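Input: structures, listed below.
Both of the next two complexes hold chain A, though its partner changes from chain B to chain C.
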Partner chain A sequence: MKSFILKRAGASLITVFAVICLNFLIFRLAPGDPVKMMFTDPRVTAEQMQEVREKFGLDKPLGGQFISYVQRLAHGDLGISFWQKKPVTRVLAEKIPQTLILVITALGMAVILGVILGALAGWKTGTRLDTFIVSASLAMYSIPSFALGLILLLVFAYTLTIFPLSGMSTPASGLTGFGYLKDVAWHMVLPAFSIVMWYIGEFVVLTRSSMTDVLGQEYITSARAKGVKESGILWRHALRNALLPVVTMTGVNLGFAVAGVIEAETVFSWPGIGLLTYEAVMKRDYPLLQGIFLLFAVSVILANFVVDIIYGYIDPRIRVGE
Partner chain B sequence: MSLLEVDDLRLYFYTKRGTAKAVDRVGFRVEKNETLGLIGESGCGKTTTALAIMKLIKPPGQIVHGKILFQDRDIVSLDKEDMRELRGKGLAIIRQEAQNSLNPVMSIGKQIAEGLLVHDKIGKKEAWERAEHQLGLVGLDTKMISHFPHEFSGGMKQRAVIAMATVCRPQFLILDEPTTGLDVIVQRQLLSLINHLKQELGLTALLIAHDLAVIAETCDRVAVMYAGKIVEHSDTVSLYRKPLHPYSQALLSAYPNLKGEKKQLRSIPGVPPRLINTPYGCKFEPRCSYALEACKHQEPEMMYQDGRYVACHLFQA
Partner chain C sequence: MVTTPKKKTFLKHFMVLLFAVLFFLQCAPATWGKAGVKTGGRLDVGFTQEESLESLTCGESWQYLEMGCVFWPLVYDQLWIMGPAPEYEAKPMLAKSWETEDHQTWTFHLQEDARFHDGEPVTAEDVKFSLVNLRKADPAWAYEDTNTKSITVIDEHTIQLTLKAKHGGKYPPAYWMPVIPKHVWGPHQENMLSYDNAQAIGSGKFKLKEFKPGQYLWLQKNKEYWGQNAYVDDVVFRCYGSQDAVNMALKKGEIDMVGYLGIPAISAEDFKGVKDIKFISAPGISMDWLTFNLHQDNAIQDLKVRKAIMHGIDKERLKNMVFFGYARKADSFIYPELSSHNPNLPQYNYDPEKAVNLLESAGYKDTDGNDLRNDPKSGEDLVFDFLVPSAWPDEIKCARLMKEQLREIGIKLNLKITDLSTYYGFYYEPTSDDFDISIATEEPGPHADWVWQFCRCDPDLEMGWNGAYYCNPKFDTYLDKMAEATDMDKRKEYLSEMQKLVAEDLPYGFLIRPDLICPVRTDKFEGYVKTMGGVSTWINPWSYFKVHLK
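Let's look at the complex of A and B:
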């Protein structure tokens, strides 16, 4: 297991380096001059612009820029945000917790609920419960997440006024401790729900088909022939095997979750990385965007690394090189 | 009192194309410490009979008639929980293609110990120790207990499956083609292991095979199955010396005899009938070289003849 983890870690580090290179190149290849974008005011002279270029190191050749980019990255320096005029790392650090709390809650719920419902549907294939779970989750999956978000806002926040319209907490409420947490949870219901609803369908359908497949396997009948209780068949024998493709799917999905988060945060004005991305794009804040891209890429790689290790624990056949 | 008695068992599969009589009016007894062989071509209902005894038939299969008496208790009418308690403890089965009988993500030790934990009130540690002992009993290295199925060879997997099925010391063991798909050397080793275990654990067994040599070596009596029915039932020696039913004769002449005279091997022309909407009369009639007029219209009844049972019109007179 130890060598397996080390190998996976090594592969992840190589991927991170590739991402750093690509991330650097993409922004250099983008058309237009970032400095000209920065100063649309006609009173700014060409000399002043050149001065700014020198300050940001944009006058140097690409190779030199790359080396200094990597050097600064190694020191945790992602540059200065054009728009906020603050170090990118600081801007990101302010927003990461908000996004993490939303993403972990929503994806966690989607995975757990999706797996439970999918396993149930697969276990009871052909029954009414199965039909209901599958059709409901497919319906949810078919609705675009931003549309679902807007409908939720319209119905539950605007018309029925049960939930708040936007934000993460009630402004200037002065709440602290448990009261504050409750307030945040209350604000999180709608955005989390829209993410859960969108992702749950995939997990339900995947777990269900994987489950029906596993239940038809010889070893399930053999377990029954040993006298194992039905609950043991479901949890010990079937689910663990059925989870293998689901775990892989979760890793792949985390990349797409980034898109989901940007949408959900924008629709519900949740002050996290997603909303920040939207604003950074609107303001053409290249250093900030570059930082965000890197953050997204690294977190997806990190999450996949964790998924790989979990996979290694569930499936003994995966632990290669032992 | 027989340990297991199957009486007039009928098991049908209700499909859209019609009813398939997979097991039709099958009856036999297995006495304590005896081994009964069940032989016949593929698709003639041997495995289905075995699964019926374990009550592991999945829909659309259904037992529609008959009794399966195990220790004088009718299994057919047993409720789910009582049946579950019987499985593994009273009745055990080693299934065809043991390769797939093991859960790929569970260690061998856990899979063997699981049966003990389900049936006997013992702790995990003791179950693990007994599983380890069991591995030694089937001739595997006890160090392999925490290994996973993919680390085992085919023959080792089959041994592990035998260990798994016998760990609770069942009274009755069904062996469903235990040596199929293995090379002859491993087959040989497994057969002697099975014979050894039978004596060691005092097992009563039902052995299903289409390999006549396997049956000859292991069984006291043999039932020959064709198209869901038993057509001949006799002690092993008599059957091999003088098979009565034309199907038994055909089966034997399709198999080489190493010691006796050298004869041309003959295959049985044709294939077993489909089990949906089978015509009246003897099911073997279309392939039988001795077929009479009566065979086409009337199904032969099981007849008692010189201590043997045979269902054929040739012996009805």
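Let's look at the complex of A and C:
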């Protein structure tokens, strides 16, 4: 197991380094001078531009910039945001908690609902219930999330006025403590729901197909022969084994979800990493975008690594190659 | 069930008491101001996320970001402020009066009782500090009228500015400059932009209560304000994920008005005849034009080609199809309702026949049978790179229409749609030849001397306002004379000549001035102030000062 973990860790580190290289190069390949683009005002003098170039290390040749970028990264320094004039790590640290609250809540709900509905669909394969669950889930999955978000806003926030139109909390409410938490939860319903609707399709389809595989196994027949109740077969014998691919999918999605909330956060004005990404793109804030992309990549790689390890424990067959 | 007289009396008393309490609660937050205006209440204002502030640093977001340039005039005082329409007079603010003899040395006398929100007095030292350091911190604050040879503090409440050149016109210098407290910013003066300004201490009519970046900005009335105060107690700028969400918020009463650009013309009909909403439409403050890159060594250099392009564009169609009729034609950087507008400028009306004749007479004919005219010098097709930023949806629609229209006269436009930063990078550096024609937009405002820098010849400048790379020494002579002219008639004369030269030389081809559609809620408040650009713009903080409870 130890060598398995080390191998996986090594592969992850190589991937992270490749991402760092790509992350560095991709922004330098974009057209235009980043220093000039930092200023909307064209009256910036050559001296002011040179000062900024020196400040951000953009006066060095590409190789030198890369070395100093890697050196700073090693010290946890992601640079200064062109736009917010603050260290990127601080900007990210301010936004990560908001995104995590949303992602974990939404993904958790998507997993629970997706697994239950997928298990039911797999259990009742070929029935109307199966057709309904699968069709509805796929329909939700195929609606672009920004469109779904706007529909939710129109119906629940504007027409029915049950939920707020935007933000994470009621502006200028002065709420604190439990009242504030309740307010945040109330604001989270629609963005979380739009994310749940997006992810639920994947989990339904995956659980359903895994369930249909498992239900054809001999140990299920043998459980039936022993007289185990149908509900016991479903929840204890079939679902438990069908959950293995769901674990993988959850882990991988957790990594992707941080990047995947861009649309939900933008539509609902949820002040997290997704919205920050959108704004950083609009403002061409290279250091911030580099930091965000690195965060996305590392979260996906980390999630994959953790899933690999967990999976190694759950299913010893995948450690065969170690 | 039988109701006894005793019960009836009790019920009657109870109801009277209940109504009295309800009436009291309804009226309790409001008080009556000196002018018989009901004060109190909270004005909620909506901004889209892209328009919203993420920090309170004093950089270009106070100049160019919609929420930024509405925020600071509420929190910080200026020496003087431009009054509302139609006069747009210079009104005293921190400076109670000013005088000059030669229009180069200006003396401002400050209000003695003005104080910052932390209780410290506002002095001439604060004014000097602001004038010197803001322009050092960010070029966005550098204007001709704050370009000083020296600034002298005469006494605690008197300051003298000696400008590098004379400053003519009806407005004093130091326009649109916040006065920031030296005792707060002093320690950060070497790197002002790195100071987060989390407390935003100013001396304005409102002070900062709470700021949640990207969510909301909450201002409260500065009850110790030295002058005529605002009427509302609170102003809250709320951020929304999209323009659609802002529109919904206005309709459901979550906000009372839209923070800056109003609503898109396509949504205008949705707000007409809606209960508790007043439909306000105002002539726009922004105008759209074409910038021809005269640095390019191609047919765009030819005035006849530029004229043909302008005659090939149907502005009426742009107005109706893109702005649903809510726009008017533009022909100068100066708005037609201002006295300095030249009414006799050459007009480039839609006339495809004239456009074709112009091109034919200059030798631009289709020599290779591909329906595109060819440059007689190079033999190449008349194909131009047309720069448009992706962030301006209306301008993209205009560009697509213009592309169609110009194809009719044998000219092809290649749309080059870029993000806004790339757009500005290309636009303000015409020497890099990244575009042939670009769409451009600006908000000159009534005091628009600065906008003429767009035409100033300065081939040595790496970057500058002059996106067209236009150079006409005659124009520069007029510009210099205009800037210094103290005789208003002379000034008008120079401005007329400048407008005529630009219209004839066509470095910029004016297209359209979109109206501002800014519906406001009237269930709680009244007193919104309308100027060009609507009820809330960088030249119009007046709605925030004048809005009051009904």
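To be clear about the criterion, the second predicted complex is superposed on the first by the 285 of 322 C-alpha atoms of A that agree within 3 Å, B and C clash if a C-alpha of one lies under 4 Å from a C-alpha of the other, contacts with A are read in each partner's own complex, and residues count from 1 in each chain.
In the analysis below, contacts are C-beta pairs under 8 Å (C-beta built on N, C-alpha and C of every residue); 3 or more make two chains touch, one makes a residue touch a chain.
For clarity, every value in this text was computed on a predicted model and none was experimentally measured.
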{"item": "Touched partner set for A:Thr45, first chain B, second chain C, both or neither", "value": "second"}
{"item": "Touched partner set for A:Ser12, first chain B, second chain C, both or neither", "value": "neither"}
{"item": "Touched partner set for A:Thr125, first chain B, second chain C, both or neither", "value": "neither"}
{"item": "Touched partner set for A:Gly167, first chain B, second chain C, both or neither", "value": "second"}
{"item": "Dominant toucher of chain A (residue count), chain B or chain C", "value": "C"}
{"item": "First (chain B), second (chain C), both or neither touched by A:Thr266", "value": "second"}
{"item": "Touching partner for A:Lys229 - first (chain B), second (chain C), both, neither", "value": "first"}
{"item": "Which superposed partner A:Tyr219 touches (first chain B, second chain C, both, neither)", "value": "first"}
{"item": "Chain B and chain C contact sites that coincide on chain A, given as residue numbers", "value": "none"}
{"item": "Residue ranges of chain C touching chain A (in the complex, touch as defined)", "value": "42, 44, 49-50, 54-55, 57, 59-60, 63-64, 138-140, 142, 193-194, 196, 209-210, 212-216, 218, 234, 236, 238-242, 244-245, 248-249, 251-252, 254, 391, 418-422, 424-426, 428-429, 434, 462-465, 467"}
{"item": "Touch list for chain A against partner chain B, complex", "value": "217-219, 221-229, 232, 236-237, 240-241, 244, 314-317"}
{"item": "Touching residues (chain side chain A, partner chain C) in the complex", "value": "30-33, 36-37, 39-46, 48, 83-86, 94, 149-150, 153-154, 157-158, 161, 165-169, 171-172, 266-269, 271, 275, 278-279, 281-284"}
{"item": "Complex interface listing, chain B residues touching chain A", "value": "54, 56, 84-89, 92-93, 95, 97, 100-107, 114-115, 118-119, 148, 150, 161, 164-165, 168"}
